[in-house]
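Data block below; observations after.
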Amino acid sequence: MHELGVVHRTIERADRRAVEALSRFGVATVHEAMGRLGLMRPYMRPVYEGARLCGTAVTVLLQPGDNWMLHVAAEQVRDGDVVVAGCTTENEDGFFGELLATSLRARGANGLVIDGGCRDVDELRAMDFPVFSRAVNAKGTVKATLGSVNVPVVVANALVNPGDVVLADSDGVVVVPAAKAAAVAEAAAGREANEAAKRDRFRSGELGLDVYEMREPLAKLGLTYRD
Amino acid sequence: MHELGVVHRTIERADRRAVEALSRFGVATVHEAMGRLGLMRPYMRPVYEGARLCGTAVTVLLQPGDNWMLHVAAEQVRDGDVVVAGCTTENEDGFFGELLATSLRARGANGLVIDGGCRDVDELRAMDFPVFSRAVNAKGTVKATLGSVNVPVVVANALVNPGDVVLADSDGVVVVPAAKAAAVAEAAAGREANEAAKRDRFRSGELGLDVYEMREPLAKLGLTYRD
Amino acid sequence: MHELGVVHRTIERADRRAVEALSRFGVATVHEAMGRLGLMRPYMRPVYEGARLCGTAVTVLLQPGDNWMLHVAAEQVRDGDVVVAGCTTENEDGFFGELLATSLRARGANGLVIDGGCRDVDELRAMDFPVFSRAVNAKGTVKATLGSVNVPVVVANALVNPGDVVLADSDGVVVVPAAKAAAVAEAAAGREANEAAKRDRFRSGELGLDVYEMREPLAKLGLTYRD
Amino acid sequence: MHELGVVHRTIERADRRAVEALSRFGVATVHEAMGRLGLMRPYMRPVYEGARLCGTAVTVLLQPGDNWMLHVAAEQVRDGDVVVAGCTTENEDGFFGELLATSLRARGANGLVIDGGCRDVDELRAMDFPVFSRAVNAKGTVKATLGSVNVPVVVANALVNPGDVVLADSDGVVVVPAAKAAAVAEAAAGREANEAAKRDRFRSGELGLDVYEMREPLAKLGLTYRD
Amino acid sequence: MHELGVVHRTIERADRRAVEALSRFGVATVHEAMGRLGLMRPYMRPVYEGARLCGTAVTVLLQPGDNWMLHVAAEQVRDGDVVVAGCTTENEDGFFGELLATSLRARGANGLVIDGGCRDVDELRAMDFPVFSRAVNAKGTVKATLGSVNVPVVVANALVNPGDVVLADSDGVVVVPAAKAAAVAEAAAGREANEAAKRDRFRSGELGLDVYEMREPLAKLGLTYRD
Amino acid sequence: MHELGVVHRTIERADRRAVEALSRFGVATVHEAMGRLGLMRPYMRPVYEGARLCGTAVTVLLQPGDNWMLHVAAEQVRDGDVVVAGCTTENEDGFFGELLATSLRARGANGLVIDGGCRDVDELRAMDFPVFSRAVNAKGTVKATLGSVNVPVVVANALVNPGDVVLADSDGVVVVPAAKAAAVAEAAAGREANEAAKRDRFRSGELGLDVYEMREPLAKLGLTYRD
């Protein structure tokens, strides 16, 4: 696996058009289109209502109470990237705030996903710089210990490789491997088309029991109706 | 007790006028009027700000990671019902989303209370379909295992019988047994009247110590003032 | 240490101008200016978006499920105070609601910080009476057991002495000892000035690596770049 | 539903022979024999290793931080009962200790199941008085507020009626309705016989894939093997 | 309040005979004798069964993921001390293991109480070096950031001053202010004598209802018996 | 990334001698020797005291409430393997019990690591079949939905590839990539030798301040001693 104290400057980002295509879908749709893999644990939440992001991952491995590597990562960010940070332990310190957001935005970043805490929530909302985190916490961090940048990182129980597509909205955060981005975007489009047809049937009062032809399998398993 | 694999088609719903009456009160007031019983655990939260619901319970017992019974329940829903779902275990999967909400709304449902996860939060807010859940989670569920519909279910540590009134707002979720709905609505009205009088006294600067005549009992218990 | 069953009527409040000065800063800034001490645990959250408060602490030690001492505390409140309540145990009952808020406001209080539950959230938002709590919960409390008022209290792992300044916003809750209020306000002002300069540099695309001169210490610790 | 402030003196206990029969099985077996219903949430744990109990429920509804009703319940206990206590809220205070255990044992109780805290763990282990609780906590409680005894109570998300059989061991706590006790004991016996046969097959190296004839259904669902 | 980066070499320890006297009681008894104050939150647990400690506090304020100050504290330890460590944030890293235990024992320490993680549990059990912590965790820590030694510290929501008596057993951890140690020990002795008398009455089958003369107050509050 | 519904029959296991070498060390030592990577979150605990395991991973990806894939995995187990199971969501159902343990042991497995629940704890202790899990839970699971076997799986926030070495003891669970097993074992041995020397110095009363030469760096950072 990876090491501590390493920064990879060259990463292979997912195809820009595939990222653009994925950015039009919701997290729930993309997760389904992925075959139900790649979802972060649901404790990852937007720090303000309406936050939403999509981009290619610059990954970071943090040490508890130490945000040094976020500054190191900032230099590796290009237009359209999202910084995605895991931590060597569970820690809810405020690793990130408005100054770092200003820096990341100036470098072209679309937002941050961090398995840790975040502060300056009012300022981030005002800037509309989307952050998804496990906590909001005013506590600042030090700059004393090495982690790594652009190594594979596990974030909220999901594996993220540098260059993967990361998509986040009110429903959570999903990771799409760079090599699958185009295929997943296509599958998501197909899924949406299919859902539109179903939505019409549901709206007209038709039941899922009929739309999905569930009556027979339910009866076979022994579902019993009583009056 | 109840069984798995059973759907009760005939349930006795609380009186419609009593439900209508209860719907005008807040959860805190109704919980007090109930004698402080029937409240779900406070981890049950609205999935969007301002969500609020009141209706008669169509109950569901779910299996983890499986939302099949929500489709079965949809067929049992009538105008003014609320679907109330417990689970055989603690599970935060996204059992419910926009398509099921479309279906439930078409059937006349007023909302959902679920001791599990929910997804498509932006769409639910846009539809104003109120959901109270233990989590928001993009992860979808399968349709493979039988639960039950319209059996007594324990949801977030509160017992819900089919036909009971369920009321939810920013303060939480409370269950009123069908047979007590009218009496509880009346008690809630009395309570509100009483609170209005107290509010005026508090607003004028009078203290709870005097409004509730607490000085004597506090002194008897030995409360000591020091300068 | 303190006792149960005691109310201190005379407390030394922080200097009013220092409180006024502190009220202009955010919690994260003040926490930094304090030398990173005095922060409550991050589970303390505003009960509605945008809540914010600053004032001198009237402290309360509560018993679980019992809000009697909040009424006792109300009498000790003066203009510009904040009621700050700890509990002898972890308890999320709804100790506080709209009637008590009406009373506290009439007495001049600026808000409440409580390591317990709060209810009537919609009414509190409508009144714009800021509350920071560990939970929202419709469950009411009794008035049966003595705690204390204006003793030192530990609230969400932070020590609060009567008269200390308490500041809360979206980022959390911080406590500034009365004697340090003026110095901390001054340090906060210095910090903000310093941050403004840095913000400009970040906005122009300069990196934290250069702004904070981190390249050399990182290299010394062995940070390795790979292409 | 039930009320606060009521003690039911007359309850219908499960048949003594059925209880005796159930006491010979483990919780996991009985839960399966019940059709997978009636299990408490897994946060209920024995306060010492090896604790195990079985008996008929004398139920208690407690208020947070108040163990008065446990004393009221003690009078209702008969030989072979288990005290089963829920609480109107989540509370981990030490409601129960060695003195109450001495009292309950003198009345013939087989143990305690409590959705709250317990203290005097060393003494309880020494007495071998089994307690299953959500927490261990030295904090004592007051005697100030009414709850109820021998009403239906929800304990750790399971409904318990007075007289039901409650069985607890290292795997958790399960509730068997009084009327079903004999049938469940019989089903449990059948299940154990069936498991013994399977155990022999597993021990000889046979696979579950063959013992349960799973290869065909797995293939039908599309399970793919790759070398 | 205290500062970071400071070590106080001179502290006033509780009287040795009072500590010795307190060491003979259980935590629940001492907590009662203290008037129910000074208890740490119940998430503090022994890392091995049977661990128990009593001594005078050498306090430490740690930074997350950094155990440097434990080494600094070791030098301040005298015979009969207990190291009591809080952290500026919630952190479960393994701050402490067998080497530090060896060092602390050589300095005369009676054990450790830490609002953080601990590792080398098997070795600590083998040494019988008692540790009470919030977690067990193999993850090690760095030595990079200053905290403080022998300042007042909040540990698991309890205030600990250097020199206070800290007592821990299976029921939890309690802090007795140095100045109150003798009085609390005396009160604890009185309490035990009183409990012995009650234990005899309970053992003979007498009820708490009679031992504590509760029947009348219960009736006054309206407790109702039904057959 | 991986897919659902796939079983890889051919995996490359870590070198048997390296596994054997690693098995002689504790988890904390191996984690340090790995450069502090590869540790599972500390909620993974042994289901009985003294459990300990080491072996090569047969990985499983489970669905919530469904243990089908554990039976599929059993066929892939060889002498010296450990089954390591993640789940697509957080779920504490009892996926595993004595019958499956009997089967795995017959196939040569050394134990189980599962980010889910486990039951039959008494039987597992009696068999001495080590299991590390996130929960103990009597609730059984169904066999209805496909997961995968021998794909890369994230378990308790650690990435596990088939064939990696997994080591677990009272301090937690660590994963060593197959290719690094020998090097890590060697580093662990070096570390133990180094610790033995330090242990002697600590035992003789020498301080970490001197053993690790910390006095100078502490002074440079500004640590201040006061009398």
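The first chain written gets the first letter, and so on, giving A, B, C, D, E and F; residue counts start at 1 in each chain.
In this section, contacts are C-beta pairs under 8 Å (C-beta built on N, C-alpha and C of every residue); 3 or more make two chains touch, one makes a residue touch a chain.
A quick note: this is a predicted structure, and the numbers were derived from the prediction, not measured.
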For subunit C and subunit E, chains touching each: A, D
How short can a chain-to-chain path be from subunit A to subunit E, counted in steps between touching chains? 1
Given over half shared residue numbers means same and under half means different, the subunit D/subunit E interface is different
Inter-centroid spacing, subunit B versus subunit A (mean Cα positions, whole Å): 31
Between subunit B and subunit D, tell me the centre distance in angstrom, where each centre is the average of that chain's C-alpha atoms. 27
For subunit B paired with subunit E, centre-to-centre distance based on mean C-alpha positions, whole Å: 41
Touching at least two other chains at once: which residues of subunit D meet that condition? 36, 39, 42, 49, 88, 90, 92, 137, 139, 145
Please list each pair of chains that are touching. A-B, A-C, A-E, A-F, B-C, B-D, B-F, C-D, C-E, D-E, D-F, E-F
Residue set of subunit C touching subunit E in the complex reads 1-4, 35-39, 41, 88, 90, 152, 154, 156-159, 177, 180
For a test of understanding, state which residues of subunit C touch subunit B in their complex under the given definition. 5-10, 49, 68, 70-72, 74-75, 92, 94, 97-100, 102-103, 106-107, 117, 119-122, 135-140, 143, 145-146
Subunit C-touching residues of subunit D, taken from the complex the two chains share: 63-66, 88-93, 137, 139, 142, 144-145
List the residues on subunit E that touch subunit D in their complex, please. 26-28, 31-32, 36, 39, 42, 45, 49, 169-172, 174, 195, 198-199, 202-209, 212, 214, 218, 221-227
